[in-house]
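If you scroll down you'll find the structure; I have some questions about it.
Labels run A, B, C, D, E and F following the written order; every chain starts at residue 1.
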Amino acid sequence: MNHLMIMPIVIPLLTGAFLLVMYRYNIGRQRSLSIGSTLLLVIFAVWAILQAGVSDYTLYRLGNWQPPFGIVLVLDRLSAIMLLLTALLSLFCVLYASRGSDREGSHFHALLQFQLMGINGAFLTGDLFNLFVFFEVLLIASYALLLHGGGRARSRAGLHYVVINLAGSALFLLALGILYGLTGTLNMADLARVIATAPEADLPLLKAASLLLMVVFGIKAALLPLLFWLPRAYSAASAPVAALFAIMTKVGFYAMVRVFLVVFGLDEGSPANDTVLAWLWPMALITLSLGGIGVLGASSLRTLTAYMVIVSVGILLATMSRNDEQLLAASLFYLLHSTCMTAVFFLLADLIGRYRENGYDRFSVISPLSHRWILGTVFLVAAVSMASLPPFSGFVSKAWILQSSSTLPDYLWLWAPILISGLLIIAALSRAGSGWFWRPEELADKAAPALDGARTATVCVMIAISFSLAIFAQPVMDYLEAAARLIYEPSGYVEAVLGDYVGQSREVTE
Amino acid sequence: MIATVIPFVIGTFCIAVLLNLYRLAVGPDIVDRILALDTLMINSIALIVLADIQMSLGILFEAALLIALMGFVGTVAMTKYLLRGDVIE
Amino acid sequence: MNGSEMPLLLQLVITFFLVAGAIVALIGSIGLARLKDFYMRLHGPTKASTLGVGCILLASLLYFSFLKGGLSVQEALVTLFLFVTAPVSAHMMAKAALHRKLKCSPRTRKGPPDH
Amino acid sequence: MNRREFWLPRPLFSLFLAVLWLLMVNSFSVAHMLLGLALGVFIPFVTRAFWPEQAKVRYLLPLLRYFVVLMVDIVRSNLVVARRILWYPNQLTPGFVTFPLELDDDFAITILASTISLTPGTVTAHYDSDAGTLLIHALHVSDEDELVRQIKEQYERPLKEIFQ
Amino acid sequence: MDIGLLVFLPVLGAIASLLSRLKRPGPDHVQRHALVALIAPAICLLLLLSYLPRVQSGEALVYSFSWVPEIGLGIAFRLDGLSWLFATLITGIGCLIILYARYYFAGKDTAGRFFVLIQLFMTAMLGIVLSENLLFMLVFWELTSLVSFLLIGFTWSSRNARRGARMSLVITGGGGLALLGGILLLGQIVGSYQITDVLAATDTIVSDDRYPLTLSLILLGAFTKSAQAPFHLWLPHAMAAPTPVSAYLHSATMVKAGLFLMARLHPAMGDTELWFSLITITGMVTLMVGAFVAMFMHDIKGLLAYSTISHLGLITLLIGMGSEMAMAAALFHLTVHALFKAPLFMMAGIVDQATGSRDMRNINGLWRTMPALMLITAVPAAAMAGLPLMSGYLSKKMLFSESLLVTAPHWATTLIPVWVTVAGLFSVAYSVRIFHNVFFNGQPVDLPHWPPRKKPAGMLVPLFILAAASLLVGLAPQATYDSLIHLAVMATSMTHLPLYDFSALSEAQVPAMMSMVAMVGGVVFYLARSSLFAIHRQLPDVDAKNIFEQIMQQSIRFAQSLVYRLENGSLQRYLAFILVAAIAPGLWMLSSYTGWQGPSALTAVNPMVVFGAVILCLSAIGVALFHHQRLPALLLLSVTGLFVTLAFAQFSAPDLALTQLSVEVMAVVIMMLALSFLPQTSPRESGAGRIVRDLGLAGLAGTGIALFAYAVLTRPAETISGYFLANSVPGGGGTNVVNVILVDFRGFDTLGEITVLGIAAVAVFAFTRDLHLKERVASAGTAKGFAEPHPVILQMVSRMALPIALLVSAYIFLRGHNMPGGGFIAGLVTAVALTLQYMAGGLVWAQERMLTHFRPLIGAGLLIATATGLGSWVVGYPFLTSAFSHMDWPLIGEFELATALLFDLGVYTTVVGATLLILANLGKLMTVAGPGQEVG
Amino acid sequence: MELVIAITLGVLTTTGVYLILRARTFSVVLGLTLLSHGVNLFLFSMGRLTTASPAVIGLVENYTDPLPQALVLTAIVISFSMTAFVVVLALKAAVELRSDHVDGEDPNEDRQ
């Protein structure tokens, strides 16, 4: 039993709680604590990557109870990847926020730590109800972070976001109820086992539950028609928060992968996930298209980025719904890219907005700006990466997705929107860039604030990561392929988790 | 004997509850409704205790106690609200 | 329900309290439903219901004292609590009514002094 | 205040709590007695800030007697009220009566007000601390002064004895 | 590997230029920049020449290194005749351009930027022609689009520059995406992206049913890049770039990338009907459109741009024909065109800078002031016109003779010759025009600078070199062809074919006549130009830039309207969407489902339960009906809560009953608090239609739940719970299984649950901190009538209730493990008791009597719970492993110590802290002493 | 009995859903509360409903399924937290957006 495995959940929890106890700490101490804890998370995530590389599944039986009775944490390559991504992303967000935006409200760092606890928990848990709990943790924290800084736009967006997600949670509970009522268990592996052997009469009900779950996760992942809360929420949030939210939609995606491909996918013969995947495919494609259109129509860089998030969700879910191992690996690579770049753009919007005289990140406003050359260059490079042009990770990931999807019979349905949305993104970004950096005159030097080196550096490092992801793509891809292979071997998951319990009768005699 | 009488007692309290609901529905003033709710709470204490006796479990005492406590607090909150337009000040 | 091996007297007492409680509480609620104005309705619950429920609690006290063996006085606590709080609730509600200047029934001899 | 008052603000009340504890847990084991006493000391200590003034209970026995009398009155009064509500609710002549207080201790006044509310068709509607009066609503008043006198006789005097 | 060096040298050069740019711009900084910038290209050129012998030996030098084998993307270079020819053109002309730019940018401090970008571009271009791996080539392909974007927008202060740049990027970028698709398909078909493998797999490719799509996508890429109609529109507007850029990117090199790609893939994909028709037709159209429009251009650069387009069309046409000879002609003309078009652009630049205008209607008779320029320009102009002895003459003639050789399809046999002749006629016309109109044709008309500014003689050097080269090619075509172009032709048609015979060409009669026709007709056309212009002015002039902007604006407006219509900021609509999404699929799937009724029999009806159920439903419906009257609705809501509690109590869930009860009252109190700020009633604003719709949705949802519940309840239960019942006492040390599950079996859930509560409270604290309702504070205050703030009687009783409530919560807490109760309920009881103090004594009064602040309380609770979990590490057990032991002390008696109790303490603490934090901060909103200062 | 339970759950859900579709924050809050009542009862009933058999070892002969109870308890606490949060948020929104309409006074103002 390796205790390091619980760390990604316990460390942020302890940090957050401690920050509450020491509620009088000055901002400096809060920052150093928060950054320290996030650094630790990165370290443990790296450990997780290595550990998952060594052994396919690492279990952690909370309370030392035999699954499926106790809650069990399961670490495999997929969850390890998500952990690392989260840790890195949050590190950059904390660093960026520590330049001042954490001052706009109270307890930013505590809330952020709790948010991380929720996200990591969702990635690690092997129990469906526990997943619900961690969803609630990360949601409530995200509500608070979304409202961080106050203001009308945030209140409105926040209200919508909260109410919609409360509805989502209700649906989640309903689905859980149905599943428990029919299977009598909550552990994912055990659920998979029971669902695979469910009586014919119950199957439609189980599938209906999976459809409900699709809506639940669809709300988190921003799947059409459940995504309309997203653009305003993300563009209202303060920059580092929005950047952190780049991972939130991916949590929904992750949950779908886990639940639909593993829990509902055990029975190779007639998997119970066929219905839900059949529904996902068209919805995801429409999502993707709408995202592209939204990118073109966006009126500010943050909104544009929000729609970029939607585009990425569309691509991820569309690829996932085709139920193909290679394609899943490719979409995981795209997940890394899109998360990183959308985060970059949320930060970039803020960074540039700070040095424009007025209009913040609005396209309609022509405003003098300072540091044209540095910001312009950063924007250009970021835009190239975001538009999945070479030589950045976007290019590689898109190439991979298109390649591995070309074996599908209906691959053109995926290709067309991906390529066209790519064009729309190029158009939108070129408009934005030329309008911002080519049009206006330089801001008078005395009026110009000095460039914030730390913020800029943070953004640059993130872009560099996207670049190096392309340069060192091969090892990453190998890892991702292994991760996808595990996902498509649910039986291995079930055996690993349930161990000797498999086959043992339910009735435990007293 | 107790077993036979309990259902009738419960029935009586159900009638009482219905009367409370009637007052709760018709008002006319909000204070009447609050009074009705308060009474309803008290009657439901009886219902809980009776159920406890009927099932002869003896574990619902806390529930009764809490209803009493919560009913009181609720009533105070509402009246305070009516009096001051504000509950905590 | 194993009231069968219970001594008849105890059964009688319990039954009495149960019935009495039921009736008193019912009367309280009837008052709540029937009486003319708020101030009159206020009287029903504050006393009757409290007492009625008190009786039920007393019955349960006796019942479980026998059932569990030894004295089970928890219910007394609830009764006590009710008797302490009920007047205050009534007091607060009356204040609210006065504050809202609810009109009394025409038969009222002397209305409230208006502040 | 001396050390005793700091650590043990109201010994009587602490004892009361300890007894209450034993009643609640329904067991009189030594463990629970100790626990009850511990709580009895601990709780008043942590909540002492919430009731600053010392209670002025002079004699305990009269207070208990008062409560017994009260119980009886409550039962009686309920029968009266019940009769009125059930049989001739339309002959009721309710009314408001102002009751001039002689008590000055808030705690005593509270007990009196509660008593009034619990007993024959009367409810304490308002306590005017400036005027030192209670506003009472009576379900059926034939004679205000009679009512006032009755209350003073039955309840206010004993309370004065207990609390002054 | 030194081919790779060849590609990346210019990058180093660019970096060098960048560094030299950092140096303070002195008087000679352009000189310095030019010198620095010249180094890399020069070295490249030399390297290429050094390769010539190996290339002439006919071998294709290939170097590959793996990069991302997963997707077949490798760092691979290929140097054969074709790529050598292009690379040499790129580097050679590049050097001359840099030389030219040294004077063009004299005195401008933008020079540094130019030299950096031009070298980046060189890398990109070399990468395209030298890549062996098609995906790798794509990397450079996109890079050229990008650099071209930056160079067109070089003078970004001008609107045209910005628009032209955007336009070119969108069109070529789009083409790039299509190309990506095409190449990926090609790779899938072949199984490799290495050109060697692709060229070897002709049959596989052509026979594959994805061939048409693949070819179309690739051609889309090529056409957009090479400005083939209708994608040619971006090229004229690229002329906003500085002249050296136009000369280099937009006539000599980048626009040839498409042609290069077609030539490169010709052996693998050519020789099909589709290839022929697609490319030939596109080529013809482009050829004609370009030539025709060019005639009527008044802007020198505009004319050159359209003539470039037409020449690109010409080459495309030849490639489309696809025969070896056609390929030979194509590559020959490609070279020739590069040689005569670049100097003409340079001329245009000089004239522009000298006279300050590019309008040929104003610029006249420059021969007097710029005789040397006139003389040098004569050669390329003649070549463009295709006068005898000129290189252009030969390539034209080759085209004509090839056009005659076309046999199938029958529509082409006669059309193409005529077509090309007419196009040739136009080209003669505009060639004559550009020369005559600029250097002769009477006196200049009010030019900005007159007499023209003197340009340094050195600026003519690159023109001279190019003109000389062009002349040379014209005089010795055979030698040129044999030494340089033949290799390339062989590379484009993987066969060993004989040399092109120019002597045979000179004997050919028909082509000679065709070119005579073209020449005479062209001159006639030019002489009749005034009337033609008159006619042309009648035609509506269309500005592609505006059309493009129109299209962009339209699509953006469409996008916005669509997005606005969907994402209109109405929560009700979003929720409706979600409900539909939740209901519709299930409805779709279960519409024909019949298995609702499960096997197990229905249980008997219990009247008391029915009574409760009825009241529950009634109160719920009441809430829905009265929701406009908010306070009554709230009262009904608490009735609902009460009966839910009773239901829990009835169905053997005492813990749930207790929890629901305490939660209910706290929730109600909080809502009351909120109500004191919100309006007391909700307006009736939703119309009948909306209400019906919502009722429909709600009804469907309700029915769904009911059906599911019924289906499950009528099925036998087989759950894992037997284990909990069995192990609760031996394993968890408690008889209240629910509580044991909460603190032990699933303690992790509970940890998360209290975290949620804590976060909620902290969040409420955070976002109410600066919220304050000053206008409301005035209304609060001292006694008014019967409504004094803190009724004495209430205060007395609440104070007395506090210790008792604490005692009760201690009781509930301690017994929780074995009997209904536990930390959560205990915490709520405590919280309620303290809330009572708030209400009775007031916020300020109660706050200053609290022992601690609430946030640290929450934190402490979480820490206690977590620490309890961590404690189990000490004994080597996983997180949250519980331990308990029954002690039996003398005189104390037997009692139990369980870590679960400690965990529960954490729960208790968190609950108290969180609940009170929420209440206090809500309460503070209207308290006079509240705002500004933090509460809790 | 099952039918009665099912219908009750249906009614609770219907009213709750209807209310969350209303235009005012307070109605939405009411709706969410009703909905969570419905959902909690649903989840609770998934353990099959039995009377007089609480899962307290040694108190009765046969026990009800304790697991759904634990789940519902967690759910109750979470929904309480959420309710408290959303109530305060609604308050804040009503104050800042000058209207207690779920979309505030002018839903599209933060667009421009």
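Criterion: a contact is a pair of C-beta atoms (placed from the backbone, for glycine too) under 8 Å apart; a residue touches a chain by one contact, two chains touch by 3 or more.
Computed from a prediction, not measured in an experiment: that's the story for all the values here.
**Q** Through how few touching steps can subunit A be joined to subunit C?
**A** 2
**Q** Using direct touches as single steps, what is the fewest number of steps from subunit B over to subunit D?
**A** 2
**Q** With centres defined by CA atoms only, which chain is the most remote from subunit E?
**A** D
**Q** Once you count every C-beta pair in contact for both, which comes out on top, C-E or A-F?
**A** Of the two interfaces, C-E and A-F, more C-beta pairs touch across A-F.
**Q** Would you mind pulling out the distance in Å between where the CA atoms of subunit A average out and where those of subunit E do?
**A** Comparing mean C-alpha positions, subunit E is 17 Å from subunit A.
**Q** For subunit A and subunit D, what's the span in angstrom between their mean Cα positions?
**A** The computed centroid separation for subunit A versus subunit D comes out at 62 Å.
**Q** Quick one: report the Å distance separating subunit B from subunit C, using the average Cα coordinate of each chain.
**A** About 10 Å separates the centre of subunit B from that of subunit C.
**Q** Can you compute the centre-to-centre distance for subunit D and subunit E, using the mean CA position of each chain? Integer Å is fine.
**A** Distance between chain centres: 75 Å.
**Q** Taking each residue of subunit A in turn, which ones touch at least two of the other chains?
**A** Expected reply: 129, 133, 136, 140, 143, 147, 156, 159-160, 163, 167, 174, 177-178, 180-181, 186, 232, 299.
**Q** Find every residue in subunit B that makes contact with two or more other chains and list them.
**A** 17, 30, 34, 55, 59, 65, 69, 72, 76, 80, 83
**Q** On subunit E, where are the residues touching two or more other chains?
**A** Each of 569, 571, 575, 579, 650, 654, 675, 705, 708, 712-713, 717, 719-721, 724-725, 745-746, 749, 753, 756, 759-760, 763, 767, 786-787, 791, 793-794, 797, 800-801, 804, 808, 819-820, 922 in subunit E touches at least two other chains.
**Q** Touching pairs of chains, which are they?
**A** Taking the chains two at a time, the touching pairs are A-E, A-F, B-C, B-E, B-F, C-D, C-E, D-E, E-F.
**Q** Taking the complex as given, what residues does subunit F use to touch subunit A?
**A** 20, 25, 28, 32, 35-36, 39-40, 42-43, 46-47, 67-68, 71, 74-75, 78-79, 81-82, 85-86, 89-90, 92-93, 96-97, 102-104, 107, 109-112
**Q** Touching residues of subunit D toward subunit E in the complex: what are they?
**A** 13, 17, 20-21, 24-25, 29-31, 34, 39, 43-44, 46-47, 49-51, 106-107, 109-110, 113-114, 124, 126-127, 129
**Q** If you look only at subunit E, which of its residues touch subunit F in the complex?
**A** Listed in rising order, the residues of subunit E that touch subunit F are 564, 568-572, 575-576, 579, 602-606, 609-610, 613, 616-617, 620-621, 623-624, 627, 630, 633-634, 637, 640-641, 644, 647-648, 650-656, 659-660, 663, 666-667, 670-671, 674-675, 677-679, 682-683, 685-686, 694-695, 697-699, 701-703, 705-710, 712-714, 717, 719-721, 724-725, 728-729, 735-738, 741-742, 745-746, 749-750, 753-754, 756-757, 759-761, 763-764, 767-768, 771, 773, 818-820, 824, 914, 918, 921-922, 925.
**Q** Going by the contact rule at the top, pick out the subunit E residues touching subunit D in the complex.
**A** Per the stated touch rule, the residues are 786, 791-793, 795-797, 799-800, 802-804, 806-808, 810-811, 815, 837, 841, 846, 848-849, 851, 891-893, 895.
**Q** Under the stated contact criterion, what part of subunit B meets subunit E in this complex?
**A** Listed in rising order, the residues of subunit B that touch subunit E are 10, 14, 17, 21, 24-25, 27, 30, 33-34, 37, 40-41, 44, 47-48, 51, 59-60, 62-63, 65-67, 69-70, 72-74, 76-78, 80-81, 83-89.
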